[in-house]
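Remarks on the structure that follows.
By letter and in written order, the chains are A, B and C; residue numbering begins at 1 in each of them.
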């Protein structure tokens, strides 16, 4: 494992940059644990102070230190993204692998369900959920809903990989070695499917964070828990840009962009590494 | 004595096309033959592409079911077998595939498949017993566990890989091996080792082999009986050397005349 | 058969060099090959997997792509004086030569024929630019050519998937020969075809070669095809040429131990005698054996074989062989 990471750091500049960015983001998120100011309390410091030695990123109009708020915000946002990505990966993998391997009517039924989910317009549905659930809409619940809506596209990708591997002869060898379907999917096919799972995880995180920010900016979220979106929401409420309090918007946006770019670079660089063809070339096979 | 394998007017139809337009393709038409259980033999099925030989192989292996006729293993109809019986059949009838490089997952170690077969079909518990079973099987094909342990498929040549595939098939102590073009992708200089191995499996271990190929020369060399197929039907069958030396059916004759051998006549410009 | 050679390969070297995450590998696929192809002859190259024959023809034709690199030597064509190898010549020169003087027949017809275009259009795509004249004249020329190779003109209106495998390969051959190239490289032209069709396709290649007087470099692992079609035959092993002779002579009296074993192990209809195969397996070209690359598997191996690579020596009658033992026995 460490050998892989060391190789990537040495040879792949995309990985280096991406890893550095994510490391910075994670450090900031981790600092939330030692924040001198609690997350939800307002008016604990002087409002509208520009970035200075005492307050590195300045303070908000609500009397909160921007930097320490950001640590909570990015932590919550990241946790949200990971939750959605993780849950929806499980769904995509399960449905994609089974549909691809089984074929026949199982495949057709699952893909019909899949296509229905792809077509659902996400944004209006989420707003609808908000209006129905209103106060009970917490981050965790939103994560669950988004996971249930965000698996469909990737399930199809995984299914096509599964279908192409199914026709290869080593699948037959596994069957005649006595492996059960579950074992074949998990042990034989999964390594071929992992590159897609990996890159779609990163994409999924970006997508879910983006959507969460959008919803929060519009106020469709629990606005007391600090997330990137809610920070921007409050900044808008206090017309921060017009009032000249640029640091309230700039730093959250900058940090979330850094997260996106970092995740994207990681996905791209690791993908090339996990891809079976380049793995084979490294192991020594494949060049004739 | 019930036959080891008995095909009785077996046919296989495929339906191509969607819901609105479809047409039926007969891949295999009315094939009947049997392999005795008490005497091991090598039965060769010769045919060109589209002759149905691969479909026939898949039906014997149980991967596909006939659409007409019955296929029996030791007297039991394969189509009507229960799950447990199908598993027992899998232990009895093992395959060898054409492409040795694709027979194993390139990302996984080879010995894993041998141990797996030993545990699932050979009745061996994990660990020592499985390793011994794998080693015994590998020795039968001229390799050993020490040579193969921890290796990946790309580290071995085509001939060696095919031998490992045969060893894996032997772990479950099968009575019948279905080999679909097993040497067509193996280098010519290593081919005879595998073909000779088939002969040894028949003579020393009493395993019958269904050998599917388009190569008449190796068929002549190793088979006892031969079945020539064209477009899904059997056109000629009988003792291998006899049929190949003096084919009767026009298609068999054409096959025989098209074979290019090292000491054959030179090709003159033809139409 | 005499006269200046159409293709003169001299000490050709081409390696695969890969760098993946710090792992450097150099596979010496073609390592010092020397041979000539004369005018109006079919020269066969036999060899098994990892013998380097496919790499050799790619190098000769100048179709090198990373990780395959041209390392040294020459592959001179008589119609391209002044250039040592197409691989090192400027691209404009290569474009002028490909398909008009030097042409290819590849293994799978579907590697050549665009599945979305009718055959007529494919002919135009490949050959129009090399043929002076109007579209009409080109069309007529295509028809003439098809008549000469005995293909029905209705084939022009078909899509590739509407034709059978054998018919497609014959179309590919017609496509490759329409510009009357001086040199044709055929890479496993009939390997994917049924035995009955194979005979027709090979006959077609023979006929075209005779009529046009081109030279053909035929590469295949199938010794039967070589026996039936080629005039001279070269045997490749592990990136080197180990024997070369007129075909009949090679099959009747092979000198190199590898060739002897190879020919002896081929089964024949009518002869059920026991046949042995070679021990061991072809070497890994990233780490080949020292000296003669065949010595680990050779029954005649001596110390000198481990120490140095045997040179190709002339053994009379157009026969060349690279073996210390044979050289020692014969040269006395």
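Criterion: contacts are C-beta pairs under 8 Å (C-beta built on N, C-alpha and C of every residue); 3 or more make two chains touch, one makes a residue touch a chain.
Bear in mind the structure is a predicted one, so any value in this text is a computation, not a measurement.
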### Query
Among the chains, which is located farthest from chain B on the basis of C-alpha centroids?
A
### Message
Please tell me whether A-B or B-C has the greater number of C-beta pairs in contact.
### Response
B-C
### Message
Rounded to a whole Å, what is the gap between the Cα centroids of chain A and chain C?
### Response
53
### Message
For chain A versus chain B, what separation do you get between their C-alpha means, in angstrom?
### Response
49
### Centroid distance [mean C-alpha coordinates] between chain C and chain B, Å
32
### Query
What are the residue numbers in chain C that touch two or more other chains?
49
### Where chain A touches two or more other chains at once, by residue number
284
#### Entry: In chain B, residues with contacts to at least two other chains
none
### Task
Using the touch definition up top, name the residues of chain B that touch chain A in the complex.
61, 63, 87, 90, 94-95, 97-99, 102-108, 113, 116-117, 119-121, 152-155, 165, 168-169
#### Entry: List of chain C residues in touch with chain B within their complex
48-49, 150, 165, 194-196, 198-200, 202-204, 206-207, 210, 221-225, 227-229, 251, 258, 261-263, 265-270, 272, 274-278, 281-282
### Query
Which of the residues in chain B end up touching chain C in this complex?
48-49, 156-160, 187-196, 214, 216-218, 220-221, 241, 244-245, 254-271
## Note on the structure
Per the touch rule, the chain A residues reaching chain B in their complex are 168-170, 172-179, 187-188, 191-192, 276, 279-280, 283-286
